[in-house]
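After this come two complexes, each holding chain A, first together with chain B and then together with chain C.
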Partner chain A sequence: MPPPAQKNRAPAALDAAELAAVQAHFRTLRREPTPAELETLARAWSEPCRSRTFAGPVRFNDGRKTRRFKNLLDETIVKASRRLNRAWCLSTFQDGAGIVAFGPKWALAFKVEAHSHSCAIEPHGGAETGVGGVIRDVIAAGLGARPVLNTDHLCVAPPDYAGPLPDTVRHPRRILGSVVSGVRDYGNRMGIPTAAGGLWFDDAYRLNPLVFCGTVGLLPAWAVRKEAKAGDLIAAAGGRTGRDGLRRTPGAGPDGNDASAVQVGHALNGKRLLDALLAARDRKLFRAVTACGAGGFAAAVAALAGGRGARISLEKAPLKAPDLAPLEIWLSESQERLLFAVPPRGLDAFAQACAAEGCETAVLGEFTDTGRLVVTHAGTPVVDLDLGFLSRGLPRAEKAAVWTAPKPAGAKAPAREKGLDQILTEGLAHLNVCSREWVIRQYDHEVQGGTVVKPLQGSRHDGPGDACVIWPHAATGDSDDFQGFAVGHGLNPAYGRLDPYRMALACADEALRNLLCVGADVSRAALLGNFCWADPDDPEQLGALVRAAEGCRDAALGLGVPFISCQEILRNQSADASGKTLAIPGTLLVSALAPVADVRKSLTMDIKGPGNALYLVGSTAEELGGSLFHQICGRCFGCAAPAADPRAAAAMFKGVQAALAKGLALSAHDLSDGGLGVAAAEMCFTGGFGAALDLDKVPRRSAIYSDAVLLFSESASRILLEVAPDREAALLKALRGLPAKRVGATMANPVLKVAGLDGRVVMESALSTLKSAWQDALPGRLG
Partner chain B sequence: MKKPRILVLRAAGTNCDLETADACTQAGGAPERVHIDLIRAGRARLMDYDILVLPGGYSYGDDLGAGRILANQLKLHIKELRNFVRLGRPVLGISNGFQALVKTGLLPVAHASEQTAGFTANDSGLFEARWVHLRLNTQSSCLFFKGLPEMIELPVAHGEGKLVLRSPRQLEDLKKNKSIAMQYVSDDGKLAGYPANPNGSVFNIAALSNPEGNCLGLMPHPERYISKFQHPNWTRQTFVKAGVGLELFRNAVDYCRG
Partner chain C sequence: MSDKPGLLAAKAPSSLGSYVVEVNLKPEFADAAGLTALRMLHDAGIAAARGVRVGRLYDLRGPLNLGHVHVAVRELLCDCVTQEFRLCHGAAAASPNSAERWRVEVWLKPAVADTAAESVRAALGDLGMPEVAVRCGLAYHIAAKCGRGQLDKAVARSLANPSIHLILVHEDR
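== the complex of A and B ==
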């Protein structure tokens, strides 16, 4: 690969307006920029290093009026989260990971990062660097955090996709297998349980699969703040710098098809680096730390320097190959590297602490107070830039965004007549619902011994849990402290196709519902948003993104739950086999983190025994747009995506949480894809007990005359509870004022029996049939 | 009473050391997590400890096979290890630690100087993280098993855990020497195939001990079951008791206290 330094031209990633700004800046300096300076600016201003679109000015027209945002992210999600002003949010929207308090002594750092095109070309390597990257960002949160949980969400095309594919893209089955093995190989080697996540299948992800890797890290409360001081040494630790990190940062340039694409991850070095960092942190040997991710040393030095200044001698960096050009060293994105600000008198101790773990360190330079970034190589100047220009010089062009509400499609007759039992069986076997055991078992989800509520639940450890609960006793070293935390997710691009605003509300609602079901304190939850979109220069795409951001804003305000970090990956589109551009559906992943006051009081979703009552909390409406039902039966009934009401949801969550804290329920499961039918079936076959449901009892907001709608509507904010007969009165008291009704009872007979509106049994399915449909689907389609 | 000193030996890539040390503490021992480089450099001494535990993880990334580099390090640089075992001090190898003990030749027969058994990829071809039922060898003289029921449950998590032997003859020797300490079984206690046997080990072997009973290596992770809340079914079964994994550590501690 020819090093970019040899190309004597402006980097492709700078557009005309940006080049003009650079030109104007250097004209005041009366000199030409060096190639390294141009590359530094291009990387620093690129989409992955800087939210150019999301944190940029947008003119948004929703068909009725036009609104202007100076900074889309700031004026929607950040503003809402600031307004909530939650004291436990210790660090938000800066430093990669968001940090929240976790009891008086600890804090949790949480970040989720999306990766796209690199995972289509080199899925195993792309996934490994994705996991490694987010782990390093969390490791470097505050003064260093110990990772205690990994999450992993994949959006891919169905593994048995049979359509044409361009030559450069691998088949979805291979992408799925390789991504899972990449996440596995890195996460397992780092000793971090990968215990939360999900899969979403859609044909439109075949060219641009999405891999959302997340990490939760635990750090002492004293280690949240960091600040480098002038005079501190800049020390690099970890892996060496090499050409492996010289691919273009994805999204940094218009060309995305560089097949030699991905850096080489090395989990063992990552583990050494983690051990070294934590040893040095506990001896307080450094003042700040940051990960070398996109943009390499260039971005990391600028991030650590803040507005101060830095002087770097590139020849001091340990290299994988001796003949790297200065520019290559400066920009290489080789993995497993961290950058530290070390006070000079602590340097020896710092170097020794790292060496004890087999981790190499080198002093590259020092922080200054000149406000300039000065880089040399063996005395030769490479870069001399004003840090103020680097961080604020990016010209911000206003982008146009429009939103046209989809026309309300009238109710159509069902395209295919199917019995309720057939719809349920097919729904359970649907790729977006079926068992993920094939994936979960490959991840060491119990390392650290803290996975108290596991991803697979029930009598035979194979049912779908709502969320995992982690009891980080190994990391805190205190087995008498039963405080834990839970992580849940919400993702549904099918709703987003109809309305990104409603998708955002539904995703936040689902993420919190998942937490609620395992007994977490959702009033103390914090949210992360990951937006993966197509071309932001297309006003319709950007309009959809604005809608999603506004949905997140309203979800945060209504639910009273702040966002602590957001990230976007744009331009997820490629030319398919016929040359037509295929964009991914606008995809939002909402991840939620909440503390669990006492992990010994957590809940699982499996039916615990016969003769218990089933209570449905939350009201049902005819909301089938984007639903599983539509995908199985074709479009019929109302076609709008479910509309969550965050304020009503907040009240309901509060009531249910209080009831669960009193131990009034034996199990809880949220209603999401496939509604009541799928939720009840999952609870039953996971617990090994049957249930009888009476659809006439289902609480509803409007008149519904169809059994299928009651059984499969996907209205948000609904939870199914299993309650022992002697607790029913207390439960109803705790849920007073909420739509909650007894909709059935559990039984020993292993069947799911449903009575329709007319009182007759409209469905009776054996649990064994339902379970095998649910379990066999993914292995069957993997072939 | 003085707490037995427990050496939890780390190397680059070891990742179950924290929870293993935690289990040692709860069992009444005084664990120290020590990097193998410190022992090589003479700054810590194996013989100063009463118990040695090799925790799980990916020592040296398992780059040359599970536990291979760690085994070489032990063989070449920790010469006292053989003596430690011969003196009857308890040695526990968990998962990666078990693989390393087998590859040093310390298991299944401590006086063999060469490796006599090995590990290969799971029959499923996949990493397997799941809870398994185990039957303990009640005939075994293993000091770690005192007072344990014949059937227990523990989680496994490994990709390269299929134990292989040199010959059918060797299996007969192992049976005769009571070296087969644990076997994977179905929930009704019978030898069964996948997934009860998660990796396809010969004769469903999950753990080996030396004939003297002071050195035990096992693929399952006892340190992940030291509290009832770590069992997958604690929310449904009232009979799930305190973690049985802790008993293994407690037995070693009690043994040292005499």
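== the complex of A and C ==
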């Protein structure tokens, strides 16, 4: 037990209202809570374990009216997904990961998890923990999934950031390098391809970098449901329990120096655990499983027990160090641990299956039907809590949220001192556009042999793919089944600075567009949302978060694509070198997963040959707010963030998907950062063929009189298609009613030539110049 | 940052053996890790750094004798074609305010999981060794005429992370 001096000390994580609720509860029991009980409640009610803000009540004022949400997440994103009621969504917002059907026999579990604070303290260990944690969530989804894909999306400050930093903060270059090595070391060693993701650079991430790690796992359709029953044994398997992640726990850890705030992942233990779990799953040796993450055994036992009840003897847990206190064992966040509900008759077989993979197991206790969580250590009571109070006792205080639309920024005179070719070259060399090869090449994206569409594409395998396509034949064991899946992302905090609602629409639109471009069936897609925000107690920050959640809701309803999992990481702000608080920009990552009926028909984005037509599908408007163009040239022309129309986008996606399924396009690439100019350049230099574009032919929603706007506008829902001459008529027929026009043609001459509205050539750039700018930028900035 | 030389070894019970093995690339081989460390030190403000060699440290504690250690080193810890090893004996050199050559040891703090050490421990068991406690670390041999304070700061900013690492800085003799 903790030392007497710390007995009954209130944990920092409980606020006054929560402490009052705890006090009232224990008053009815006529006793004081033990420190372990307080810590258990604090962990169970903490932001990482329970979405206190996102799933809490909010009073939202948008300047016109006030609305109240009892549960923000439920009444926006979850409600929209329920309304869509898609049959292929097998488990949403319940398990550690969202699960969707994948053909009649299989299902896919997908989870993306954001990490911030741990990566700021120890980037390598934090990233490893991030990858390890999300893998564990996926392998514990349903009755266990085999990971077949990892994703990573990083938001960091530019690697050559030269401004002042607090002494305790590591330089962005070091954070970037260490995070990439952490993702690499864990994913590569687990034998999981890391084949999708992205990088976003912004100075505001210098104190709080964001690391989004994702995993897709494959499981049999019969293994989606799980439920522990009273009488089942609670078995821990995997790594031993140590003092990992205990620094924040008062009373846990003999001294401050000896307790670590950072967990360190152990990929080899993770692999053993995975193999043991899959062997036991296939023999149906357990009824339920969950990962030990934030909150350790305390959170995992409560999650697995549901409202049932559990009895735990902590002295049975295998330990890294013999001197761990009961509270430390109970709350430790040591990695690579899973908890299983094992029927007593199957225990021996379960233990043997684990031992065969070199995976240690221990029976900690059993599930009961008392509705109580009873924890002891060598006969000494540690915790005796009502599970109903643990799960429903958290007092929900209403938070105020305010949204004030930013005043429209005044457009300045066009920056004519830069020619279109210079803007394009600078755009391609921009950190948020340039080649990510330095990162991608560090990851094993080929392991398991099923990465059909790779992150780097084209004749030289160095162009930017829209999404990856995975053929999980190694996991299914069926090489005659060519069904696969694609994963893509959408993220753009620059739009969020102007309007988080539009950002959410644009991110969902972009994520699906990326899938569409590789030939995925977006009508059966599923979305994940990860929200990273600053202080939710600041009404303006929370107002922006509400706007983003409403954007996700409307995107889901308009596009007809449900969200299956969401996560939020809040309070991403820190004091900078001058002592001022620096908050990250509100950041939303939308990840999308969709099946690909036949991976052999997948598309890539590189131009396939000369003499083909280029069709632009989707209409362009003067939407340059938050755009790459504005970052290069300053604010000029339309300053509103792109306004996606999800319903129109859904119709467009349907038409394009039908056309692609008929094989009417040779390549497809979505228009995002840098608009048509960047997309066309990327397609050309990746394929090694030139193109001539005619801006006068670009489909547009309203009159546009500027070549620059047509070339660099970032209007949503647009795709550039390469079409063979003999397929043009069929394509136009398939796209009837949609804004689609022939905007140019490919050619053997390796240049990108653009004719302006007046018919004159306004830009002609050699592909070698454009490609060099794109490829050399990140290595150059890394030094 | 600590400069107590015996901090890691001091915890070993006197009845058990305690050995720290350092494995370095032979001088005739280019040290890529050293070159990276040199660049990181330059970026961290030690412009006077002329060269860095990086060695691997293994702290082995348990019922071991010198014979066990030599078997462990030759069979597992050291590739004797490209690497050489030595046992670190006695108190480390003093830590002056300035010097021309430095030795910086970087160890994970005791509470931080040392996954490489767990693998070494398991592999030693496979070799038939007695059950031992292992910690892994790095030794940076830095040729740089600079002040101790300057080096401390640079190391904490580049080669190690004080949140999880124990950093020992001495004059390299």
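To be clear about the criterion, the second predicted complex is superposed on the first by the 758 of 783 C-alpha atoms of A that agree within 3 Å, B and C clash if a C-alpha of one lies under 4 Å from a C-alpha of the other, contacts with A are read in each partner's own complex, and residues count from 1 in each chain.
In the analysis below, contacts are C-beta pairs under 8 Å (C-beta built on N, C-alpha and C of every residue); 3 or more make two chains touch, one makes a residue touch a chain.
Worth saying up front: this structure is predicted, and the values here are computed from it rather than measured.
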Problem - Fit or clash between chain C and chain B when superposed on chain A - result: fit
Exercise for the section: Considering only touches as defined above, state whether A:174 meets chain B (first), chain C (second), both or neither. Expected result: second
Exercise for the section: State whether chain B or chain C is in contact with more residues of chain A in the superposed arrangement. Expected result: B
Handout entry: Partner chain(s) touched by A:477 [first = chain B, second = chain C, both, neither]
Key = first
Handout entry: Touched partner set for A:268, first chain B, second chain C, both or neither
Key = both
Practice task
Mind working out whether A:69 is in touch with chain B, chain C, both or neither, as first, second, both or neither?
Solution key: neither
Exercise for the section: Could you look at A:783 and tell me whether it touches chain B, chain C, both or neither (first, second, both, neither)? Expected result: second
Practice task
Have a look at where A:531 lands relative to chain B and chain C in the superposition and call it first, second, both or neither.
Solution key: neither
Exercise for the section: State whether A:243 touches chain B only (first), chain C only (second), both chains, or neither. Expected result: second
Fill in the blank from the handout: Min C-alpha distance chain B to chain C after superposition on A, in Å, is 5
Completion exercise
Check: chain A residues flagged as touching chain B and also chain C 266-268
Exercise for the section: Using the touch rule from the top, collect the residues of chain B that touch chain A in their complex. Expected result: 12-13, 15-16, 18-19, 22, 26, 35, 37-38, 56-58, 60-63, 126-131, 155, 157, 159, 221, 223-227, 229-230, 232-236
Exercise for the section: Could you please specify the touching residues of chain A with respect to chain B in the complex? Expected result: 184, 188-191, 266-268, 271-272, 275, 356-358, 440-454, 456-459, 461, 471, 473-475, 477, 479, 599-600, 602-604, 606, 608, 667, 687
Exercise for the section: Note which residues of chain C are touching chain A in the complex, please. Expected result: 43, 108-115, 118-119, 157-158, 161, 163-164
Problem - Complex interface listing, chain A residues touching chain C - result: 121-122, 125, 170-171, 173-174, 242-244, 253, 257-269, 320, 334-335, 783
